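Two complexes follow with subunit A in common, the first pairing it with subunit B and the second with subunit C.
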Partner chain A sequence: MKLTENEYGVLAKRRSPNTKMYKTVPAAFAVGGIICCIGQLLTNIYRSVGIAETTAGTLTSVTLVFLSAVLTGFGLYDKIAKHAGAGTLVPITGFANAVVSPALEFKTEGYVLGVGAKIFIIAGPVIVYGLAASAVYGVILFIIQTP
Partner chain B sequence: MSRFVKNGTVEMKNVPSIVSYGSAVGRMEGEGPLGSCFDYVSEDSAFGENTWEKAESRLQQHAFEQALLRGSIAESDISFVFAGDLLNQCTGSAYSMRNNGARFVGLYGACSTMAESLCMAAVFADSLEGTLNAALTSSHFCSAERQFRFPETYGGQRPPTSQWTATASGCVIVGKHEAPPFIKTITIGTIIDMGIKDANNMGAAMAPAAYDTIKTHFENTGTSPEDYDLILTGDLGYVGSEILRDLFLQDGVLLGERYNDCGLMLFDRKKQDVHAGGSGCGCSASVLCGHILGRIKSGELKNVLFTATGALMSTTLVQQGESIPGIAHSVHISFDGEQGG
Partner chain C sequence: MEYLWAFLAGGLLCAAGQVLIDLTSMTPARILVTYVVAGVFLGAVGIYEPFVQFAGAGATVPLTGFGYLLAKGVRNAVAENGLLGAITGGLEACAGGITAAVIFALIVALVFSRGDKTAKIMG
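After this line comes the complex of A and B, so read on.
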């Protein structure tokens, strides 16, 4: 090769198409927005039947997680996510998909070493750093609030 | 006995024949532009099995059986099997061959394995009189995804440079000098790493290796692109094949219309959602066995330089921040069987 690694990197980058953001960003915005609207609608329905606000919020999360799990099971969630990107990844439905999909995939290796060991293979980092962040937040809160 | 020329190039003295070949693919490949060319198309991506790993082995068996069938060859007549796939420990091949008693050599060359195994089979056939040698590779989208990327139902988005692992397999059986297609020369490639770290851009990682092997092959055999009807790379996809054209253009060599890539031929990039094209051991194997060898046999194509390319990475090494080494091997397959040519 006559080219150096840097020169080749420039050539490779020139030939590598970028993500079409004019398509992906609006799609993510629309689908993510629709999921949030469904969430709000569910909260309103639960509230209208006399459920307390905090319980209605919890029920909304549970319902969305359930819907995402069902759609994942039928192989539909990934088909929507292909177009929606972060629109389906960021809401709680994305988290459910990240847990349900390895559970389904690794069932062939058994319930312990397959499902059990690999269920958090994607969601694991979110849980680990989410918990770590909450611990740090708790310490900060403790320091601030201690007179 | 084959003759070592230099720098990886080996000339076949007896010019062995490709006595038979077979291909098997999944549904999506069957719906692609070459769909009608394949010997076996399965509507069921699981190939009647209950795991994706077993599905891949079953797929490979189909290609092997189709090759035996086309050549009216008994399984026991095969002297050596050179087989490989993408799965850890080469299990796709080992499990497909575990019950048939074949003398088995497992190979790993990532997506270059079809050319790698064909090189081995050619040298064996050329040097060991009376042997029938099978070169066999496969890849399965679902078994590769779960090993290299994400679960099948995970909602991820692929970048435009990513390629789609083909659910496909091909088998070539090489024996004594008989009838076309003939294998004339091979060039074993060297590992080239130009610092590409993006596992979603295999084409860019492998293109320099393809360039190096093809260029070396031209130099060692005294040929140029004009001597071939078709220069065919394994699975560089859209990105890698454009880069390959650029690299040759820098030497003043225009590959032009005679150049194509199996990854661009297997799928319709406009209609099928495969981004930069197909990949996987089975991609070049099925295109070679389903679409190319028959056309050489009939004389429609006289000289083909088949160069399968592989990215020799693992998810572990990529996660450790290492760049991706590429490899490519070339096989000159010809209608003309003139010896010592």
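After this line comes the complex of A and C, so read on.
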């Protein structure tokens, strides 16, 4: 039987267990929402002890990153992620997980080219394109503002 | 009330990511890149700032908030230092998050061990 690539894709899609969006999307919504509420709680706690708004925001990020790193270390974050999908990916805890997880997985390849390099396997592209976009914005802003 | 908005806004951003994953089979790495760049863009055109005022952590905790932070950092730095700010502002603003992730990753890698299980990379 001859199949074009397109037909194969259609067949493969029909055969593979259909991703149940009525389950995955609400799960992502709930877990992502809860993580953001934890972030809000942390920000409010930091603000209530008199920390300035910007600093409180940074502290919240650092705390969430820390919690995610610990949970990833114990293998718990990935267990939650299996059910929560984008709910654990999109928050900054997902970014942290994407940094910590490969660091742990590639430990066997050494601390330089294993841990050190693989830390950036997903965070790298995020930082590269984030910085590039922000630099472009900065240049445009400079041109606009210069009389 | 602010918790409700944080929950709804953050939940919506995550649900949108899940829809992208399910419908387009985008990899998680692409989702994250898309969110950060979208955050820079929305921050640059001034949409994200009022969203942050409204939704709090529901807007800042998702990765679009990271992009917004980059844009905000660049805007402040350009106002202060001119063109040089376009280069320094972004990293300055999100140094905490990035350095924390790297340092904690190192510590976790030192303390924990996964054995030599086949690595599962999300990219």
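Remarks
Operating definition for what follows: the second predicted complex is superposed on the first by the 134 of 147 C-alpha atoms of A that agree within 3 Å, B and C clash if a C-alpha of one lies under 4 Å from a C-alpha of the other, contacts with A are read in each partner's own complex, and residues count from 1 in each chain.
One rule holds for everything that comes next: a contact is a pair of C-beta atoms (placed from the backbone, for glycine too) under 8 Å apart; a residue touches a chain by one contact, two chains touch by 3 or more.
None of these values were measured; they are calculated from a predicted model.
Set against each other, subunit B and subunit C differ in how many residues of subunit A they touch, and the higher count belongs to C.
Look at A:39: by the touch rule set out above, it reaches subunit C but stays clear of subunit B. In the superposition on chain A, contact is made by A:91 with subunit C only, not with subunit B.
When the two complexes are overlaid on their common chain A, residue A:56 makes contact with neither subunit B nor subunit C. Looking at the shared chain after the overlay, A:82 reaches subunit B, while subunit C stays out of its contact range. With both structures placed on the common chain, the touch criterion links A:119 to subunit C but leaves subunit B unconnected.
In the superposition on chain A, A:21 contacts subunit C only, with no contact to subunit B.
In the overlay built on the shared chain, the residue A:137 is in contact with subunit C alone; subunit B does not reach it.
Within subunit A, the residues touched by subunit B in the first complex and by subunit C in the second are 19, 24, 72-73, 75, 85, 89, 94, 98, 100-102, 104-106, 108, 122. On the subunit B side of its complex with subunit A, the touching residues are 50-52, 146, 150-161, 192, 194-196, 201, 204, 207-208, 211-212, 238-239, 242-243, 246-247, 250, 273.
Within the complex formed with subunit B, the subunit A residues making contact are 1-3, 5, 8-9, 11-12, 15-20, 24, 72-73, 75, 77-78, 80-82, 84-85, 88-89, 94, 97-98, 100-102, 104-106, 108, 122.
Residues 19, 21, 24-37, 39-43, 57-62, 64-66, 69-70, 72-75, 85-87, 89-96, 98-108, 111, 115, 119, 121-123, 125-127, 129-131, 133-135, 137-142, 145 of subunit A are the ones that touch subunit C when the two sit in their complex.
Interface residues of subunit C, counted against subunit A in their complex, comprise 2-3, 6-22, 28-29, 31-33, 35-37, 39-41, 43-44, 56-58, 60-63, 65-67, 70-71, 73-75, 77-79, 82-83, 85-87, 89-91, 94, 96-98, 100-102, 104-109, 111-114, 116-117, 119-123.
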